[in-house]
Amino acid sequence: MLTLGCRDEVGVVARIAGAIGEMGGWIAEAAYHSDPETGWFFTRQVVRASSLPFGAAELRRRFAPVARQIGADAGWTVTDSADRKSVVLLVSRETHCLHDLLGRFSSGELPVRLAAVIGNHASLGPVARAHGAEFHHVAFPAAGGPRQDKDRAFAELRALVADHDPDAIVLARFMQIIPPELCAEWEGRAINIHHSFLPSFIGALPYHQAHARGVKLIGATCHYVTEHLDAGPIIEQDVIRVDHSDTAPEMVRRGRDIERLVLARGLRWHLEDRVLVHGNRTVVFR
Amino acid sequence: MLTLGCRDEVGVVARIAGAIGEMGGWIAEAAYHSDPETGWFFTRQVVRASSLPFGAAELRRRFAPVARQIGADAGWTVTDSADRKSVVLLVSRETHCLHDLLGRFSSGELPVRLAAVIGNHASLGPVARAHGAEFHHVAFPAAGGPRQDKDRAFAELRALVADHDPDAIVLARFMQIIPPELCAEWEGRAINIHHSFLPSFIGALPYHQAHARGVKLIGATCHYVTEHLDAGPIIEQDVIRVDHSDTAPEMVRRGRDIERLVLARGLRWHLEDRVLVHGNRTVVFR
Amino acid sequence: MLTLGCRDEVGVVARIAGAIGEMGGWIAEAAYHSDPETGWFFTRQVVRASSLPFGAAELRRRFAPVARQIGADAGWTVTDSADRKSVVLLVSRETHCLHDLLGRFSSGELPVRLAAVIGNHASLGPVARAHGAEFHHVAFPAAGGPRQDKDRAFAELRALVADHDPDAIVLARFMQIIPPELCAEWEGRAINIHHSFLPSFIGALPYHQAHARGVKLIGATCHYVTEHLDAGPIIEQDVIRVDHSDTAPEMVRRGRDIERLVLARGLRWHLEDRVLVHGNRTVVFR
Amino acid sequence: MLTLGCRDEVGVVARIAGAIGEMGGWIAEAAYHSDPETGWFFTRQVVRASSLPFGAAELRRRFAPVARQIGADAGWTVTDSADRKSVVLLVSRETHCLHDLLGRFSSGELPVRLAAVIGNHASLGPVARAHGAEFHHVAFPAAGGPRQDKDRAFAELRALVADHDPDAIVLARFMQIIPPELCAEWEGRAINIHHSFLPSFIGALPYHQAHARGVKLIGATCHYVTEHLDAGPIIEQDVIRVDHSDTAPEMVRRGRDIERLVLARGLRWHLEDRVLVHGNRTVVFR
């Protein structure tokens, strides 16, 4: 899988496709996006491994000059879809996204290596381990608790995540605001599920905000974590219909279905190198 | 059709159903909503006209004591669905909602009497008249134009609407901010279509705002007009999926489909007495 | 919770609401459906337990004469929502619906007592037991296997289910055609998830059928099991969009998301007494 | 705009992109589809006209040898999006799709040249003409009418359509079964809207069939007309939710919204050369 972003110009598609063709590469999937506003060009190409006489590392080496030529020096990747990516899940009290992802990993639907589950409630250990995952309990203080306890908990979390160096750090309803330096360290790898259709209802209790406003649809948003709360690049969103008979707690219950789906889709696309970030927006080649 | 809102209490359903039953009324449709948070009760009942030996006016007279007993003195209505409601449409340059509604009126799908179309561009006259509607041209000054011209235009608009005393005043992409005193005069009858999924992207150019934020769904909202811009009680909302390849103008084009539908549905429900307003929220008995 | 179906006539709502009101019952939710084609009437009423000086059994006893009067002798139920209903899950190789439901039970989202999981593959035992469920392995022969082995497996299954006498028997992608006598025994309790938008693509490999036809949406259907394959009363359906790039195996993968949701919703409504069967159709009071 | 289908092989993307690049063509949009089952390759490329020193005819001439080389001899097109395509609309009594399309043409949303409206009811003349379209009345006999009248009507219809030689012949709820020889003559240009989610409910009264089966969603399908009734390649489909309270006539009314949208979308994609037919399936590059 090759992904790439560069300034758009005449012949860029030909140069990329030409380079792959010369190596004998059979392009099984190819997606292109040319952004008229920014003048930027993005592509994702899936080359059949069997059509190349060498592996991903050699493809990467051979493609480097082409990338340089078209000015994509930094923003390109070559990965082998046979390499299972690793994931760390961060969870809190709400467990529906955790259960959903564990089920998807167990049934082989999301082809990842689950490196660890880190929760701030010890009770999730047995289920995590039943699915073959390492479990770590990191105790975060309650809201309003001592600052230093919180700092210590984040330091512990940071070290645990660093140990695994995962391809994705999933905040599966983690309910903690990640400090800026951790946002920076995890940039492009930390994925959050927010339980509203952003940019509506940022912050706490979004379903209660939605209920108070009397909206007729509620939603969920999967986005990369940045230091700006609930404002990072959006990967995926979806909504479901509610009506006057849905109380705020009922919205909480019904919203879980859409949170599960939106997070699972967003995570899959991230793991399959389908998401290219550009400024605060994403190109998602589905 | 009977609609009603009152404080909830034991036996209120029995009293209403009992009163209708004693008159011999056959309840063809009945919807109830009991709001646990506010302790308020709402209902909409459709009684078959043929099952009653009298008309809507007499039903209203006989039901009045029941309404008083259950404390619904003010908030109840009895209407005859055979009486066609009247509608005034306000339009500007964007005509897709106008065309859509005219088509629905012409084909008999929305059973209303179209009293008038009022536009601030004279060019729409022929189409409006081809569908049998009166057309009035009211010239609003461009944004930033002289205040007194705007005031004069609103005075003219107000008088024209007042002449028809319509059941619904539809701002079919009217693009003018209605002054507070007119909002008050039209309260509960003026329906706007806003081209975003409110409360996101209030005000001007919502599709451009949506594009800049990188959302993955765009929407439209049909709501009652109040003096607070785009903040009135929501009647209906819906969304469609967009992706990175949709530019802002493309979103404008694609959004029209959802604006048409959301406005047509919201207007229908309003005309069929399916919408009960309670504070800044609506009960919609679909 | 009271549910009821009877011939429609003047005053039936008043009689039911009157009877509940006289007992002092506070109606928290009430839904009615009057079917103009069949002349049949359906209702579901939720009475607050705290408003009654007695329990469900006494309510049932007191309501019986009313039910007789309005001709609902057989078709009515009174249940106590505090009584957790019991569920037996039947599974085969495809485990996504099993994992999804176990997650929902574990997190308390679907308030049921999971009586047992019965699978024709022993491998699911550990997961089922990790969620606190009894697991039984019943070995069904492969397709085309000896008739008597199949009969024996069904006899075993029947006995296991009978032991638990569950309120719902969920075929969570069970992949066996239930024999007519078992359909009869389980009538109104056995719920299947079929992986197509019925009535399209009945029987085997529906996603492959869908792919061959080139449809642009794929779906799933939750229905009661009857002796007619995939033809029982439909409880819930939903769809997701596919396109030309989705191969049949890709549709299989993507369809799982909609199967999970549709089964979970249908099962919830069944357990909350929201589904009333009439002929081969359902009234679903959501 | 270049569209093309050929056998897939190594280097095909490079050859196409290379040829365009050599001419100096700036690829503004590019979509590819490689079908693993049939081993077939499809592409649609939008080249900015301003980047080429010549027009579509010359591009076509220069591209011909490339098309031959990659074996796409027959199945490729080069068109100029500045050339407005022409459309003929066939209508009958149900006019919602007609009104919808006329509104879209009038507001410039669908950039076509409306060549003619042909209806079997004279009453639609004024509206068609108000939108600047030629109107022809062709009187089809009622169902069961004399065969020769029907043949004569079809002969007249065929001649009228042939006069305009349109890019699209839209059966906007035309309600006549097109004879095989006309299906052949109009192949790839005749687009029908069927009021069900095909392949469910082929033929007459699909909403009544849907109601009888008790489905929870109803749909519409836009497809190319072939001699097999409602079985041609599907371009677009969509659905909306219904429930037990929707009678068959109510489904008819509600279904119109989805018919309008599905036909408008399918027609747009056809006119923008986004639909490539392969066997009985379509590749739709949206």
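Order of writing sets the chain letters: A, B, C and D. Residues in each chain are counted from 1.
We adopt the following convention: a contact is a pair of C-beta atoms (placed from the backbone, for glycine too) under 8 Å apart; a residue touches a chain by one contact, two chains touch by 3 or more.
Because the structure is predicted, anything quoted here is derived from the model rather than measured.
K.L.:
Which chains does chain B share as contact partners with chain C?
P.N.:
Touches both chain B and chain C: A, D.
K.L.:
Determine which of the two chain pairs, A-B or A-D, is joined by the larger number of C-beta pairs in contact.
P.N.:
A-B
K.L.:
Between chain A and chain B, tell me the centre distance in angstrom, where each centre is the average of that chain's C-alpha atoms.
P.N.:
Each chain's C-alpha centroid was found; their separation is 40 Å.
K.L.:
Can you work out the whole-Å distance between the CA centroids of chain A and chain D?
P.N.:
Here chain A and chain D have centroids separated by 38 Å.
K.L.:
If a residue has to touch 2 or more other chains to count, which residues of chain C qualify?
P.N.:
29, 36, 245
K.L.:
Which bits of chain A are touching chain D when the two form their complex?
P.N.:
Listed in rising order, the residues of chain A that touch chain D are 8-11, 13-15, 17-18, 20-22, 24-32, 34, 36, 51.
K.L.:
Quick one: in the complex, what on chain B touches chain D?
P.N.:
Residues 29, 95-96, 99-100, 102-104, 106-107, 109, 126-127, 130, 245, 253, 256-257, 261, 264 of chain B touch chain D in their complex.
K.L.:
Mind pulling up the chain A residues that touch chain B in the complex?
P.N.:
33, 35-37, 197-201, 213-217, 219, 233-239, 243-245, 247, 280-284, 286
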